[in-house]
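One chain, chain A, appears in both complexes that follow, with chain B as partner in the first and chain C in the second.
Entry: the complex of A and B
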């Protein structure tokens, strides 16, 4: 029995049903799936299908057939292989298989599924960066040890970072820890969005320590700005 | 009209016009611009109108999109500013050289969609609220959003469609924005910078200082530009017979370069959002095997041009490791069309286009374009030495074009502590 099959056997059907219903309850679900011809056009254009045992058709088909067991399995594995390129929007049925996958991933994160935690291992520093600075890949993340396959440019960039950032004309870009200078007020508004839309709760389900660090960063600013947190 | 096999050449002065394959009106896809205006008329949101002067460009659904020439609010890209800074700088430089004014705001966050497509650690309401906060911030300045990243552009078009279709989402986002004292604002058009470059391509061509007729390019159209919410992407009947998006290709052709076609043009670059950061074996393999090798074998271009953060990143950074494998042919320089256009107009390859941040060897391209990269690099190294000797100083727009002068410390920069 594979590890996943073993895990599947331990999860009650009612739990799998609950997760499936969460996927279906998403506001976008009705715009993303209209059944499935099972034609495989989405597979033909899918980059991830070329390199992994992955198929957007299998996912659209499983969700359209309401195969709760298979959807649960997919949510615990292959959804993370999708490149989110949306080539599969060529679907003649008008489906958005990549969009269905986004929703399935979201449900996996929100429910703290172990598979989501595994898929995002090594990724949390990026979540921290985007949520706390409002920009994603900042110049100081270009480290040779993080990007050895980028060749000598990663090292040269890291070695010269501070002065190279000053050696470009746009004022907003003379930064190293964020992609551009984001105003404090702007950041506080972003933090408010994370609080009010339930994103921080998702982070808590995914990674408690990341959640604590983020709350630490955000709370003071939000309170200073007079936004009540409860 | 049959779909042409060879690439048709865009004639200078081509006007926007309808394609030759018209749909019956009853089959026409939903027009989200019209729906945006209708909701504006009903008081559901403020519509940020496109400022004049604007250029009307043709869209996939035989419609017209209004692209503002100036008075634009530059929604920067975190990846471009973060590790391909010559991309953003070139976009700004082109505006300055064409005398078109713009606003480069600090009251802007990333769209956060790179993270969203990578990790799903967000949700529909949060993503919409981030978009609408940025739109409201632009509206407050009076400047109209021009979006640098194709993922931001595609994602914002998804947000627009969802906001148009779901009243409950509008209410939720309206509530969040009200807490920060911002109204709900939707731009009349969602405009990508590459649409602006397309719109001004003949103006750029007029100011060209280099002969690019010996340069062959391949074009990688960015998935999130034309695959997500597809109808208002630019399709021009004179470029690929209107069967493929015209941005980038039309610009290269207007500049006099030859555009070579290759069989895997529709494939994505392999970015993968999560993959490019933590599972790069996939990104590298896909980029090299499906894109770079196909371009090399079928066209052998001097450069490949694209119009998105993720695509420049993946295609450029993936080639180094592949070169280590015997028999893998690689090293096609990768630029945005904004950088290519800027070089053609005489921009400094390092001060403006910041090519030292690129991984694939671009020097043979510069040589073929007639640019003395050694001399330009020497100038840049002098800049760097002087900046080192003057902490708190930075390169200005005047420095980027003219003779070097020791820059004075910038008070704002000192205030921000050189972050």
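Entry: the complex of A and C
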């Protein structure tokens, strides 16, 4: 029995049905899926389909046929192989397979599905950066070992990061741990948004240790603002 | 001496429309119907809603009958068959037989509108067990229940939870000898699928097909709503066999686009049986000496450019007697055949007048 089949047998049908209904209940769903000719034009234009055992047709088909079991399987695998380029909008029926995948991914993330955890594993550092600083990348991410293709430039840049940053005209750029300096008021608002919109909860479902670190970072400012995290 | 009367054989949609058209043109018409009432197959086979347009079949046929019934130019002969014919265009001598009594009439032209019959799924083989399983139906069986708004499993009398259609039963099949597409079954099955979903919103409906052939507006008026609004599942693949499992039917096939074999339970299986020439069509072809194709349908002069002239001058054909037709085609053919038949009568009358 494959790992996924084993997982599938442990999840009750009612849970798979609930996740499927969550996909269907999305406001965008009605605009993303009409009916499927099963013609394969979406696969023909799909870059991911050339490299993986991935087919936007199979996704559209499974959802259109309301094949709850298969949709569940796809949410636990295939959907993460889509590059979200939306070439599949070529569909003659006006379907948007990439958009259906967007919804399926969101449902997978919101419900902390194992596949979402796996897919987002590689992005932990970026999620941490965005959520703690409001900026996606920071100069201190430049490490020679991470950018061997830069040659000696990477090392030189990394060694003298402070100096390079000070050489930039705007004051807000004189930082190495974020793309630019974010003031306290902005950070507090940002943390409030993560907190109140449920993004922190979503992170908790996906990656508990990341959640702990983020709470640590945000706690003080949120408490000062009158929104204790606990 | 040429006759100014047109003989129309068959009182279904094609014959009724031809009679109405001929009367409008001021042509005397004899309309012969083998059965005791007009209306043809839509009535005898209990059609519910017509494909497409979805109008009530009895209502539509009632209107068509009312358009000719009582018209002094249309002489309606029920319970009557055409049993012999001699002469030629402009002056046919035709024997009409009613309850063992013969009458000979003189007519100038003939329109054959003797239609089709539904393929009998037990005729050539028992692949799907139509005569074995109560819950294996034909489109006509399903249509009858849908007309009564009471769609249930014949074996239990209870509403089904899973229903499927098997397309191309008796059509596109070299083994059976019917190599043609029957044209209407895709639309009729999809229409019935919609009606089943309307009656039983919790019932899942599947259509197993080889190709969906949804011409023109059938696409957006039937196929798309069936799939998009009524969530009918269309699966490309032919079912190989039906077996009983418990008290349910188990169908076997391949879900070809998903690349996997299927073995799924159904409560009702509807065979989308196609068209064959009716007994009346085959008989009249012999009586009138009309050339038939290998399937028994009446040959026309040119399938594309003259779809209503037959191999006998002065004899025309309308509707499914000339091969599988939907109602759109049938009505168009009836008009074209009437135009040609009345035209032929008038031309010969004019010729006679000039000679005199």
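Methods note: the second predicted complex is superposed on the first by the 203 of 230 C-alpha atoms of A that agree within 3 Å, B and C clash if a C-alpha of one lies under 4 Å from a C-alpha of the other, contacts with A are read in each partner's own complex, and residues count from 1 in each chain.
The rule we apply is simple: a contact is a pair of C-beta atoms (placed from the backbone, for glycine too) under 8 Å apart; a residue touches a chain by one contact, two chains touch by 3 or more.
Being a predicted model, the structure only gives us computed values, none of them experimental.
J.: Sharing chain A, do chain B and chain C clash or fit in the superposition?
T.: Superposition result for chain B and chain C: fit.
J.: See if chain A has more residues touched by chain B or by chain C, and give me that chain.
T.: Tallying touched residues of chain A, the top partner is B.
J.: Using C-alpha centres in the superposed arrangement, which angle lies between chain B and chain C as seen from chain A, in steps of 10 degrees?
T.: Taking the centre of chain A as apex, the angle works out to 100 degrees.
J.: Once the shared chain is lined up, is A:147 touching chain B (first), chain C (second), both, or neither of them?
T.: first
J.: Tell me which partner A:65 touches in the superposition: chain B (first), chain C (second), both or neither.
T.: second
J.: Tell me the contact category for A:15 with respect to chain B and chain C: first, second, both or neither.
T.: Neither partner.
J.: Looking at the overlay, does A:220 come into contact with chain B only (first), chain C only (second), both, or neither?
T.: neither
J.: So if I take every C-alpha atom in chain B and every one in chain C after superposing, what is the smallest distance between them in Å?
T.: Chain B and chain C, overlaid via chain A, are at closest 17 Å apart by C-alpha.
J.: For chain A, give the residues common to its interface with chain B and its interface with chain C.
T.: Dual-contact residues (chain A): none.
J.: Considering only the defined contacts, which chain A positions touch chain C in the complex?
T.: Per the touch definition, chain A meets chain C at residues 34-36, 38, 57-58, 61, 64-66, 93.
J.: Going by the contact rule at the top, pick out the chain A residues touching chain B in the complex.
T.: Within the complex, chain A touches chain B at residues 26-28, 31, 45, 47-48, 50-52, 80, 83-87, 89-90, 102, 105-106, 108-110, 116, 119-123, 126-127, 130-131, 134-139, 141-142, 147, 149-151, 153, 156-157, 160, 162-183, 185-187, 189-190, 192-194, 196-199, 202-203, 206, 227.
J.: Mind pulling up the chain C residues that touch chain A in the complex?
T.: 224, 227-228, 231, 233-236, 257-258
J.: In their shared complex, at which residues does chain B touch chain A?
T.: Touching chain A from chain B are residues 76-83, 85-86, 88-89, 92-93, 104-110, 112, 114-126, 129-130, 133, 137, 154, 161-162, 165-166, 168-169, 172, 175-176, 179-180, 182, 223-224, 227-228, 230, 266-268, 270-275, 277-278, 280, 282, 284-286, 290, 317-318, 320-321, 351-352, 354, 356-359, 380, 383-384, 387-388, 393-397, 399-400, 410, 412-413, 416, 418-419.
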